[in-house]
Amino acid sequence: MRKIALKAAIGLLAVMLVPAMAWAAPKEIKIGVIYPLTGPAAAAGRELRAGAELAAEIANQVMPGINMDMAKNAGIKSLGGAKLTLIIKDHQGNPQLGADLAKKLILDDKVVGILGCYYSSVTKTVSAVCERYGVPMINGSSTSPTLTKRGFKWFWRTTPHDKWFTKDLFEFLVGLTKGRAKGVKAVPMAEINTLAAACEKTEWGSNVAIEIKNFAKEYGFNLASNILYAAKSPDLSSEVQSMIAAKPGAMLFASYTSDALLMIKTLKSMKAKPKIIWGQDAGFDKPEFVALGDDIVGILTRSVFLPSVVKMKPLSGQVNELYVKMMGHDLGGASARSFTGLQTWVYVLEKAGSTEPKAIQAACNTISIPGAQLVVPWVGIKFSTKGEEIGQNVLGGGLIGQYQKQKDGKIGLEVVYPFDIATAPMVYPFQGY
Amino acid sequence: MEAVKNAFDFGDMPRSELGLAAAALAFLLWFPAMPHSSFGMATMIQFLMFSLYGMGWNLIGGYGGQVDLGKAQYVGIGAYTTAVMMIRWDVPFWFSMPVGMALAVGYSFIIGYPLFRLKGHYFAIATIATSLVLKDLFEVWDFVGGARGLELPLKGDFPNWLYLQFREDYYYYYILLGMLLVGLIYMNGFRHSRLGYQLRAIKDNEHVARSLGIDVHWSKIKAYAMATAYVAMVGSFHACYNFNIEPEDTMSLDLSVLIAMMAMLGGAGSMWGPIIGAAILVPMKNYLGSWLGGQAGFAGMDLAMYGLIIMIIAAAQPRGVYGIVEAMRARRR
Amino acid sequence: MEELGIQILKSAVSGLIMGLVFALVALGLTVIFGVMDIVNFAHGEFLMVGMYTSLLTSPLLGVDPVLTLPLAGLVGAVLGVLCYFGLIRFLLRGPMIAQLFGTFGLMIFLRNLALLFMGSEPRIVHEGWLVGKSILVGPGVVLESTKLAAAVLSLFSFAVVWWFINRTKVGKAITATSLDAEGARYMGISTEYMNALAWAVGGASVGVAGGLLVNFWPVEPGVGLLFTMIAFATVALGGFGSVRGALVAGIIIGFIVNLPPVWDAILRSIDAAGLRGLEIHSFKYTMVYAVYFLIMVLRPQGLFGWKQ
Amino acid sequence: MALLQVDKVTKRFGGLVANHEVSFQVGQNEVVGLIGPNGAGKTTLFNCIAGFHQVTSGSVVFDEQDITALSDFQVARLGLARTFQIFQASGDLKVVENVMVGSFMRTSSRGAARRAALEAMDFLGIADTAGEMMTELPVAAQKRVALATALAGDPKLLLLDEVGAGLNPSEIDGLIELLQRIHGERGVALLLTEHVLEMVMKLSHRVIVLESGRKIAEGEPAQVVKDPEVVRAYLGDHYVKRQKENGDA
C-alpha cells in the first residue's frame, strides 16, 4: 500500500517536473488552441475543435478543389512551407484553468500564438496571460464587447461581437417596418414597438442586456421589460408571465441550451403570441433546440454562419463538404468561426514571414483578408488599431436566421438579414402558441 | 509574548510529522529552482491557494465542527475589495488586502451572529444560503460590475511589487508560500490559544463546553471571523493573480464545496489536513482531469473517480487521509 | 387595477402549482432525514436518474413517458437501497461532517457517471400525453399539464406518505426509529431495515418525480443542482424531517418565486416612474434564500421541525 | 449566608411539571445529596440551577448573586461547576488538554492553564495519564478526568450528576474517598444526585428527596431514609404496607 503511494507520488512529481522541452523541428509552427472540450459546452467544443482542425488540414496540404489561398500550397509558403501543428487544450469553462493552460502552451510548448477560447470569461484570463508574455492571441468566437475595449496589444478578434449583433437586430426591426424584409409588407411600427427581453445573469447575458437597453433607446423602441434571470433556473414561468404581461411585439432572449429549451416550453404553455421571437445565438443554435420541431418555426436567431449560406457562397460549400465528411453534419456558427479564426492565423503568418511575436503583431495590425477568401459572409478581415476598440475586426458582419420548415420537412435556418442576401422569404408574424 | 511562543511551539507534534513537514517545506522552497513545467507551477500555485482556503475552512469546520459551505463568499469579498480599490482608486494590493480582510471579518461578524444560532445541517445550509444571496447581489450590483465582473488593468512594467503584477509565476508562488507559512504559524498559535482549546471542546460537546464557562456562541463567531481572514486574504491574491474576477468564479457554490471537500479529504481538525487534501486533489483535478477529459475523451470519469474516492474515505475514515495516517501510526505503536 | 388582480390570481395559481412541485422533489429528502438525521446531498442526482430513466425507457418500451413512472420509481428505490447498504450505513457511524462528505461524494459520483454515459447536452421528451399541452383554467390563467400532473402527484404522494407514517404499523415503526433509534431497537424493530426502507421510499418518491418532470424540463447531468438547492431550502424551512413542513414550505417558496410578475403589475398600475428600473426577477432566488435565512434565525428548528 | 439558595423553583415543559416550587439551600463547604426515584426531576433541577434551563418561576441565588436569569456558561464562571452523566470523549485532545479547557476559565495563558490542569490531575491521582487520548482511558479514569476538568476551573460548588454510574463497588469506594478529599482539602461544596444510595449516605451532610418534581423530605441521611414518605416514593405503597405488616418500620 505504501509502496504504491510512494510510486504514485514519484510519478506525479515526474509529471510536474517535465522539463520545458522544446525540440526545434524546423518545419513546424505550433499554435495553441484552448476550447471547452468538456463541461457544459462540450458539444460546442467538439464543433470548435473540428473547425480549427479542418482549417489546419487545408493549410497544410494542397487542396485543388478549394478556392482559398491557403489551399494552394502546403504549409506556410513564406516560412518555407512550415506546417501548422495544433496543440489543443480543454479549459472546461474554467477561467483559472484556461489561464494555466495558456501558460503551459506559452512556456512549455513554446507556441507561436493562441487561438480560443469561446467563453468570454476564459478569453479574458487567457488574453491577460498572453498580454503579459507578449504572445499574440486571435479570438474567433467570443462575443463580449469588452474584450476589445481593453487596449490590449496582443489580442485580435475576428468575430463581430454582441454590440454589432444587437445593432443588427434593431436595424432588422427598423427594416421590417420599412418593408425591406423579403416577402413581408411594411409592418406598422406600433406592432413591434414594444420589446421584452430576458437574458441570463452571466457575464455574457448581462452584456447583451445592456446592449439591448442602449440600442432600444437609440432606435426609439419601448423596452417594456428587461429581465436578467438566474441561469439554469428550475422555473421560468414568472419571467415569462412578466414578459407576456408587457404585451411585447418582440421577445428577445440570451440563453444557453437548457434555459432556451425551458423558455420555449414555458412560452408555449403560457400561449405567448409575440410577433417576433429572437435569440442571441448560443442556446438558440443547438441541435437540441432544433429538435423542438414545429414549436420553433418562425423563431429568429443571430449567427455568423448558417448552412444556407452555402447556397450563395460556393467556397463555403466546398469547405462544408469537407466538414460534413469529417463530422457528419453541416458547418455551424461555432465551427465556421473557429475555422475562420485559424484561417486568420495562417494568413497572418504568411504575411509576417516569421514566427517572431513582433512580426506577427505587425502583420495582424496591417492585414487585410478579402471576404472572398472566407467561409463566413463577411466583407473581410481587418483589425482596428486605434479608437475605442483595439484589435477588433471591422469588416465582420452578423446574420439573422429564421427557423423554417424546408421542402424535405426538416426544420432549418434561412437567412433573413441582411435583407439583400436573404435566402428565403421571411415568415411574419410568428405563428404564436 | 506567550502568544508568539505558542505559535512557534511545535513540541506537541510527533517527530516524524515535523520531519515530513520540514522536507515538504524544503521541497516547496526549492521547487521554482527545479526544472518544472509552467503548468506544474500553476498547479503548485493553486495547491497553495487551496491549502490556505482549506486552512480557513478547517479553523471553523475542522476545529470547531461547524460545517461551513459558504466560504466562497469571503473569497469574493477579498477579491472584489482588491479589484474595486485598484480600479477605482489605484490602491496597491498590500493596502487593499488588509482592507478586504477587515471587510470580510466585519461582514462575518454581522452574519455570524444569527448564523450560529443554527446548528448542524441547518447551519450548513444557511451558510450556502448567505453565500448565494451575496453572489446574487453582486451579480446585479453595477458598482462592482455585476455579472460582467471586473478586470484589473495591467500596470505595464513587470515586476510590479506594489500591485502584485508579474510576468513569471514564481513571484506569485513565493508570495503565496510566504502567506502559507504565516498562516501555518498563526494556525499553530491558534491551536495553542485559549480559543483554540475551547473550540475543540465545543466540537466535542457543547453542553460540557458551556459548563466550563465557555460562551459557545461568541467563541464560534470569533473563530468564524478568523477563518474568514484566511479566505479573504487569498481572495485578494486571486484577483491580482487572475486579473479578472466574476461572481461566478469567486463566489460560486462549487468553490465553497471544493474548499470544504479538500479540507475534509485531507483531514478535518488537523493542522496538516487541508494541505494534504489540496496536495491530493489539485494535481488530480489538473492532470487526471485534463488527461481523461481532453485527450482520452472520457469526460466525467475523473470526477466520478474522485467522487468514489471521497465516498470510500468518508465511509472508512471520517477523519480523512490524515486520520488514516494517524490510525496506522497508532497501530504500529 | 384589474390587470393587477388578474396577475395576483395568476401568480397565486402558478405559485401554488410550482410550490407543490418543489415539495414533491423535497419529499424524499425529508423522509430520509426524518428517519436517520442525514442530509442527502445527492438528492438532486436521484431526480436526474429518474428523469433519464423515463427519457430512455419510454422509446425503448414504446410507451408513453407517463407509463414509465413506476419504473422510474423502482429505479429510484433500488438506487436508494443500494446507496444505503453501500455507503450510508458506514457513514452513520461517523460524525455529521463525514455524512456530509460522503453524500457529497455520492453527488459528484452520480453526476459525473451520467456525464460519462449520457454526455452533457440537455435532452427532452418530444412526444407524450403531457408534452406541450396546457389547460386554460381562468381568465388568462394557463396551467402546463406536466406541472399540473406533478402538483396532483405531489398532493397524492404527501397523502400516501402521511398515511403510511401515521396509519400503518411499519410507518409507526419508522416514527419510533426516528424518535429514538436505540429504544426502537429494544422493542424489536430492526433499525437497519427501517433505514433501508426510508431510503427506498425516499428514492422512489424522487424517482417518480423525475420521471414526471422530464415531460417538461430538459434533463442533463447537472440538472440535480437546480432542484437540490430549492429542495434543501424547502426541507430546512419546513423543518428537517417534517413531512407537513415540506409541503407548506414548498408552497411558500412557490409563492415567493412567483412574486416578480405581481411586482411588475403593481409598477404598471400605479405607473411609478421612479421605480421602473427596479427589476426584481434577478432576485427571485435571492428572496427565497433570504426568507429562508430570516425564518431560520427566528425559528432555528424550522416551521414544523422538532429536532435541532 | 448560604452558598446556594434555591427558592420555589418551578420548571414546566409545556403541560408537564418537572419541578414544583422546590426550595433548599447548600451552605459553604457543605455536602448535600439530592435523591429521588427515576423521573423525580433531579436532573431538571440541576439544569435549572446550572442555568442550562431557564426556570418557569422561582429564583436561584449563588454566592450572594441572583443567577436565575444567567446562562449556564455565566453561572459556571461564577464558580458553580458541574459534571455530566455522559462525558463525551474527545478525538482531538489529549487528557491534559481536556483538563486545560477547564482551567482556561480562569486564565488565558497556556502555561498557567497547563500548570493548573496538571495540579488538578495530580490531586486526583491521574497525572500519569496526561499524554494519553481520552478514548484510551477506562471509564473510572474518564470520570476522574471529568472531575479534574471541573476542579481546574477552581469552583466553589460542584454539581455531580450520577457520577458513580457505571462503576464497580471498589471503584465507587475510591470515588467516595476522592470526593471527600475534594471537599475536605479544597473546600468545595458538593451537591450530588446518585442512584447509588450508599454513596450519598456516606458523603452527605444533608439529603433532599424529590418525588414527581416536589421536595418531599429533607434532613440528615439517617433520618431521611426512615421517613415513610421517602420509602413509599422509592419502593412503592405496596412495599410500605408490607413492611408495616412485618413490623419492620
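Residue numbering begins at 1 within each chain, and the chains themselves are lettered A, B, C and D in the order written.
We adopt the following convention: a residue touches a chain if its C-beta (ideal position, glycine included) is under 8 Å from a C-beta of that chain, and two chains touch if they have at least 3 such contacts.
Because the structure is a prediction, the values reported are computed rather than measured.
Student: Any chains in contact with both chain A and chain D?
Tutor: Under the touch definition, chain A and chain D have B as mutual neighbours.
Student: More C-beta contacts across B-D or across A-C?
Tutor: A-C is joined by more C-beta pairs in contact.
Student: So which chain is farthest from chain B, going by the mean of the CA atoms in each chain?
Tutor: D
Student: Taking the mean of the C-alpha atoms as each chain's centre, how many Å separate chain C from chain D?
Tutor: So the centroids are 48 Å from each other.
Student: Centroid of chain B to centroid of chain D, CA atoms only: how many Å?
Tutor: It comes to 43 Å between the two C-alpha centres.
Student: If you average the CA atoms of chain A and of chain B, how many Å lie between those two points?
Tutor: Here chain A and chain B have centroids separated by 36 Å.
Student: Indicate the residues of chain A shared as contacts by at least two other chains.
Tutor: If we look for residues of chain A contacting two or more partner chains, we find 38-39, 42, 201, 228, 230.
Student: I need the residues of chain B touching at least two other chains; which ones are they?
Tutor: Touching at least two other chains: 136, 139-140, 299-300.
Student: Give me the residues of chain D that touch two or more other chains.
Tutor: Within chain D, no residue contacts more than one other chain.
Student: When you check every pair of chains, which ones turn out to touch?
Tutor: Listed by label, chains in contact pair as A-B, A-C, B-C, B-D.
Student: Enumerate the contact residues on chain A facing chain B in the complex.
Tutor: Listed in rising order, the residues of chain A that touch chain B are 12, 15-20, 37-39, 42, 88-90, 92, 94-97, 99-101, 103-104, 106-108, 121, 124-125, 128, 131-133, 144, 146, 150, 201-203, 205-207, 228, 230.
Student: Any idea which chain B residues touch chain A in the complex?
Tutor: My answer: residues 34-44, 46, 136, 139-140, 146-149, 151, 154, 158, 165, 167, 169, 242-244, 246, 248-249, 283, 286-287, 289-290, 293-294, 299-300.
Student: Using the touch definition from the top, list the residues of chain A that touch chain C in their complex.
Tutor: 38-43, 201, 225-230, 232-235, 237-239, 241-242, 245-246, 257-258, 261-262, 265-266, 268-271, 286-288, 291-293, 295
Student: Can you list the chain C residues touching chain B in their complex?
Tutor: 33, 39, 87, 90-91, 93-102, 104-116, 120, 221, 225, 229, 232-233, 236, 240, 282-283, 285-286, 289-290, 292-293, 296-297, 300-302, 308
Student: Quick one: which bits of chain B touch chain C in the complex? Just the residue numbers, please.
Tutor: Touching chain C from chain B are residues 61, 65, 67, 114-115, 117-122, 124-126, 128-130, 132-133, 136-137, 139-140, 253, 257, 260-261, 264-265, 268, 298-304, 306-311, 313-316, 318.
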